[in-house]
Each structure stands twice: as structure tokens, then as C-alpha cells.
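Before I ask anything, here is the structure I am working with.
Labels run A, B and C following the written order; every chain starts at residue 1.
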Amino acid sequence: MILLRRQLPLFITLVTGLTMATQYYVPHPVSEELLTSVTKWLQIIGGFALVLGVTSLFHVHAVKIRRQEAGWGYSGVLYAGMLGTIAVGLWANGKESIDGVMTAFGWAYSYMMVPLQGTMFAILAFFIASAAYRSFRARSREAAVLLAAAVIVMMGRVPLGEYILPLSGDVSQWILNVLNASVRRAILIGVSLGAVALSFKIIFGVERSYLGGGKE
Amino acid sequence: MTFAERMLKIDRRIIFLVIGLCTLLPLLYPVGLPIKISPEVRGVYDHIESLPERSVVFLSFDFDPASKPELHPQAIALLRHAFKKNLRVVAMTLWVTGTGLADQIITQVAREMEKENGKDYVFLGWSPGNTAVIINLGQDLYKAFPSDYGGKPTKGLPVLDGVHSLKDITYLVGLGAGNPGVEAWYVFGKDKYRFEMGGGCTGVMAPGLYPLLRSGQINGLIGGLRGAAEYESLIDRKGTAVAGMDAQSATHAAIVLLVIMCNVFYFASRAQQGRG
Amino acid sequence: MPFESIIGAWVATGLTLFIFSFLYKDNPVFKVAEHLYVGVSVGYTIVKTYDTVIVHLIWKPIVENQEWMLLIPVFIGLLMLTRYVPKASWLSRYAFAFIVGVGSGLAIPRTISSFILKQIEDTIRPLLTLMPGEGVSFTWNLLSPASGVNAIIILVGVCSVLFYFFFSVEHRGPGKAVARTGVFFLMIAFGAAFGYTVMARMSLLIGRLTDLIEFSDASYGRPTLWLLVMTIGLLIVLGRRTRSEPPQEG
């Protein structure tokens, strides 16, 4: 059983990983056809992965409603929103607009989802301001440097800042283009090296957490 | 408790009120301060400006309603520019929750500029698979999207005449709010399929894309609402981004003042503690 | 103004204000809007996935074009769903093994090419430029990103930050100086990132307030004003009810 449950999946990862990595350097039509087919398959599998992602949410809230746990009414609102959207979505064949005319599904998207999601993230504006006031203090030399860079960039990227401090625009441009770019580049190189190393570990079966738990 | 200490522990709702007013008042009473154009934004504009008529521009709207205020005006401005130049536009999204927005944007601008679906532009819609979709588009566009958003087969559409894959497009602009976004279009697209590419992104992502800009991997970058405002100024069609710039100025000034105040009170309270 | 737009404006304004009410304090009105957001988003994703994947990527190509090979990814996808059947959940490993293997294989060469080689190549730029007739020159212009002086700064920045992150030995002597330089570069980049994050967050607020201002127009029936009064009233009532309720035990 261990062969079927652990060794074979690891072997599949090894073969597919090495094949796809090598494919990049082999521009033969057969190799290119393989890439086309496999990426097409990934598109379809990606759809199933999305389903997998959302179904756990169904379960959690269904249990809450069934047991009438604290706040189960909110779970009811969640279910109502979800089922209502699915109903109008299927009615509209999954289209927000047909020939430029908004469907009920498009209405739910434009007047419910867009403002809800937009506002959820917009309230962060208030919290970042509050956090800046409470914790952005020049406690050390490093913190002072961070603070100065933030102030220059904040002023240099808005018309009022460029009007009051004409130099702030050029200085913030230099900070972004040179100092920031060098740090981001170092981070990018470092992260990429890490990602490549992790990919090799996955292919060669050193990293196996994606297989999930279990004894076998 | 000293005055400085009391000020440091001020109710956060007062700060919320200050920020709310600093945003609201300039939106109600705009001043219209001039906007300077940065070389990054000009890079995208100049490239589109240099393209011959009927060139194929590929736009990927990889964002959702959470970043609509920043990327929606960028998308509108880019589309207006491309349609004004009479370029063919192929649009899509890698973000499922961005499909409706992308559809709205392209329908609205196409109607405004009197462009025909299938002939002047096509909206391919969304497909799962993230980076695999990019590679598949690079291999065979018709396999990745056998039909467009409206369900019409993509094969035979006049807008895609001569376009078989990403290798055949003239310019690609990825408008990304995260992953997959601009970086993914470079790594899984441009790296192999060799098209010219520009980027647009949220303010949070912009600093991280400067290494790609410097190395010429992308030839321009529209960053956040400010970038959108610059692009609107360049095409001479002022929209929501330019209108928001005064509010952006006021809120930035408010935060800088808050940071200065917090430091003044912090050092004052430290000095008092030292004396005590 | 079309009727659905007017109703839409009222709904959008109400939901926006419900979320904003969190700024005062956490309350049931916010929670309703929050749960509705999750529900609508999940419903939307399900519908789009069904329409795109089942209808357009699976059903139509197989039924209309006889692309039977597409049954392979369907099978792999179904294997993935066995995760919900405890006795057969191990079968999902095959699906994950395939996805992770292909994903890793695709990423390795592309990441090396795009992010490692290209970035290193641009870091090691020539410092001097050879102009015909003018000879060799070194540019000091800080504002030109391609100048010689900026090339040196970038090289120093990249090396010192990489040194700070990668060499986990005790930083002493010259190593300490390099690491300290790296820290200062990092602080400047974090400052710039903070500045841009503030810009982004404020933009989102501007976007929402722009909509609220638009919906305060008489053509919509001024939903912003009416619903603002209603939301404040609701918060007051809810606040009083919470205060009058006896504290829960435990």
C-alpha cells in the first residue's frame, strides 16, 4: 500500500517535474505540443482546485447553522448571499452582461460585491493612518532613516508635496529607482533562489508536505 | 499623565475623522494642482503612441474590486488611448472576481469610442490555471480560449487576424493587483514568447516592480492612482484619477503631519520622563 | 435613470456604510455586510467556475469537438475532490503530485532566467561609457537611473542586502560594516514601501467616497444622505440595547 499511497505520487512528481523543467530547453515540436497540452490540462484542474477551496466554507457555516451556534444568523446571511448569487448567475448563464445589457448577476456583482469588497479594503486607510500615528517613531537611527524615506516618498508622489517641496519629486524618484530598486532586486534574487531550491526539493521528494499528513 | 502622553493615547476615532475629512473635502471642493509626468508612465504611453494602426495590444486586467479605485482608471485610460490610436485590443483577466469589472470597462470604453466587438476588440474573459493560462496563450491562444466572454468562437474573429499566440502580439500591458500579475506575465510570458511589455499596478506593488523596470524587462510602469492620473493627463482625458489627486495630496499631508506630531509628543514625553 | 441603477445605488450605499460603521466599533450591521460579502463572492466564484470550466473548457470541447484527451485533466480534477472522502482521500495525492510536479518544473527554468540571471546581468553594468570622439566617460548624474554613480550604488545595495540576508555568521569587522550598509538600504526601501502603501490605501478610500458622493445626487434619491442618517440611528439603537443587556456570565 505504501507504494501506491506514497512512492507512486512522489514518482509522478519527479517525472512531471523533470520533464517540464527540461522541456524549456527543448524547442522540438513534440516537446512544445506537450507543453500546450499540459498547460491546457492545468487550466481545467485549476477549476477543480477552486471548488476544493470554497467547499470547506460551505461545511463550516452549514455546521454553525445546524447546531445554531453563536452567530449562526450571520452564517444564514452568508448562505443566502451565496445561494442567491448562484441562482441569478445560473439564470444569466454566468454572464454579467449580454450584448452590453446588465444581467441580474451583473447587478449583484456591481452593486453588492464591488462596494462590499472595495469598502472592506478602503477601511484600511483609516487603520494605516492610526498605526502611523501610534508607532511610526524615530526610536533609533534605522527607524529615523525609514521614517525620512517614507515622508519623502509620500510627499514626492503627490502634487501638493511637489508644489511645497519641489525637490521631493526628484528625490523620491531617485529613492525608488536606485535605492529601493537595489533592495528589491536583492530580495527578488534571494526569493527566487529559495523558490528554485524548494522546487528541486519537491521534485526530488525531499519536501513532501503537499501530500498531506497520514502514516503512509 | 502629561499633555504629550495624553496626545499619544488619543482616541483613534479622532484620527479616522481627520482622514475622512481630508479625503472628503478635496473631493467636494477640488483645487486641481498640476500633475508631473514620471518617466515610468511615459514609457507605456510613448510605446503605445509609437505603434502603427491595427497593431495588437493585449491587456490583462488582473485585479478585483478591492483595487478598483487604482486600476480601473488605469484600464480606462489605456483603452481610450489604444482605441484612439486605432489599435486592436485583446483583453482578459486572470482573476475570477475581476471578470465583471473587466467586462464593464471594455464594454463602456468600446461603446464610448464606437468600437465593434470582434473586429476592433475582444474580451476573452477569465480562465483558471493562473500562470498555466499565460503559457497556454503563448503556445496557442485558441486552445487557451476556444471562445470569448460572450461564447463566440475565437477562431475566425477579425480582431485576431494573424494572431495565433502571444508571439504575434505587438504589446502587452499587465494591470496587476497581486499574484498572478505583472511579474507572472514576464516570467511565464515575455521570457519565452518575446513580446514588448509594460505594467500597471497598485501602489502597494509598485516599489517591487522597479527592478524589472530598471533591467528593461518592462518598458514602463503605471503605479497606483498617481500613475493613472499621469496617464489621464497624457491622453488629455481627465477622469476619476485626476479628480482624486487633490484628496490624495491632502491625506498624504495629513499623515505626514500625524507622523511629525507623534514624534514631537514622543520625544517630549521621553524628555519629561528623563527629567522626572 | 434606470430603476435598477437607482435600487443598485441604494443597495451599494447601504452596504458601504454598513462596512464603514466598523470604524465606530464592531457591530451587527457590519457583521451582516461582512458575511454577505463572503457569500456573494463565493457564489460568484462558483458560477464563473461552472460557466468557464464545466461549460466552456470541458463540455463544449468534448461534446462539440470530440477532444477526448480533456478527460485526463477532468479525471485528475476529480481525484483532487476525493480529499473529502476519508477512505479514498489518499487518491487526491496523485492529483497534487501532478500539479506540484508540473508547477515546479515549469517554474525552475523561467525563474532562473527572469529573476536571477536577468537581475544579476543588470546589476553588473559597465561603469564607464565609450562615446565615439569623446573617449571614456563616467556619469555622475544621480537623477539619471543609468548613470555610473547609480550603477555603483545599486551594486553596493544589492551586495550588502544579500550579504545581510544570506551570511548568517556573526557580523564582525568589515562584515559588520557591509551588513549595516545593507540594513540602511533596507530601511530606505521599507520607508518607500510604506509611503506607497499609504498612497494605495488612501486611493481605495478616495474610490469609495467618490461613489458615495455620486450617490448623494438627487437623481438617485440621495441614498447617501438618507442611509447615513439611518446607519447612525441604527448604531445608536444597537449601542443602547447592548448597554441595557445584562453582562453574560463566564
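Criterion: a contact is a pair of C-beta atoms (placed from the backbone, for glycine too) under 8 Å apart; a residue touches a chain by one contact, two chains touch by 3 or more.
Just so we're clear, the structure is a prediction, and the values are computed from it rather than from any experiment.
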Inset, instruction - Chains touching chain A and chain B alike, please list them. - result: C
Legend entry - A-C or B-C, whichever has more C-beta pairs in contact: A-C
Inset, instruction - Going by C-alpha centroids, which chain is farthest from chain C? Tell me that one. - result: B
Inset, instruction - Name the most central chain, where centre means the mean of Cα atoms. - result: C
Inset, instruction - Determine the centre-to-centre distance between chain A and chain B, using the mean Cα coordinates as centres, and give it in whole Å. - result: 16
Inset, instruction - Could you please state the distance in Å, as a whole number, between where the Cα atoms of chain A are centred and where those of chain C are centred? - result: 5
Legend entry - Inter-chain centre distance, chain B versus chain C - centres from mean C-alpha coordinates, in Å: 12
Legend entry - Per-residue multi-chain contacts in chain C, two or more chains: 23, 41, 44-45, 48-49, 52-53, 57, 106, 110-111, 115, 119, 122, 145, 154, 189, 192-193, 196-199, 201-202, 204-205, 207-208
Inset, instruction - Among the residues of chain A, pick out those that touch two or more other chains and give their numbers. - result: 24, 38-40, 42-47, 49-50, 95, 109-110, 113-118, 120-122, 125-126, 129, 132, 147, 150-151, 154, 157-158, 173, 176-177, 180-181, 184-185, 188
Legend entry - In chain B, residues with contacts to at least two other chains: 16, 19, 23, 66-69, 96-97, 99-100, 127-128, 132, 135, 192, 206-208, 211, 214, 226, 248, 251-252, 255
Legend entry - chain B to chain C touching residues, read off their complex: 13, 16, 19, 23-24, 27-28, 66-70, 72, 96-97, 99-100, 125-128, 131-132, 135, 146-147, 151, 186-188, 191-192, 202-204, 206-208, 211, 214-217, 223-226, 240, 243-244, 247-248, 251-252, 255
Inset, instruction - Over in the complex, which chain B residues touch chain A? Could you list them? - result: 8, 10, 12, 15-16, 18-20, 23, 33-36, 38, 64-69, 96-97, 99-101, 103-104, 107, 111, 127-130, 132-133, 135-136, 139-140, 143-144, 149-150, 192, 206-208, 210-211, 213-214, 226, 245-246, 248-256, 258-259, 261-263, 266
Inset, instruction - Enumerate the contact residues on chain C facing chain B in the complex. - result: 23-24, 41, 44-45, 48-49, 52-53, 56-57, 60-61, 106, 110-111, 113-115, 118-119, 121-122, 145, 154, 189, 192-193, 196-210, 213
Legend entry - chain B-facing residues of chain A, complex: 24, 32, 35-36, 38-40, 42-47, 49-50, 95-100, 106, 109-110, 113-118, 120-122, 125-126, 129-130, 132-134, 136-138, 147, 150-151, 154-155, 157-163, 169, 173, 176-177, 180-181, 184-185, 188
Inset, instruction - Flag every residue of chain C that touches chain A in the complex, lowest number first. - result: 4, 7-9, 11-13, 15-16, 19-20, 22-23, 31-55, 57-58, 69-70, 72-74, 76-78, 80-81, 83-84, 89-90, 92-112, 115-116, 119-120, 122-123, 142-143, 145, 150, 153-159, 161-162, 165-166, 183-199, 201-202, 204-205, 207-208, 211
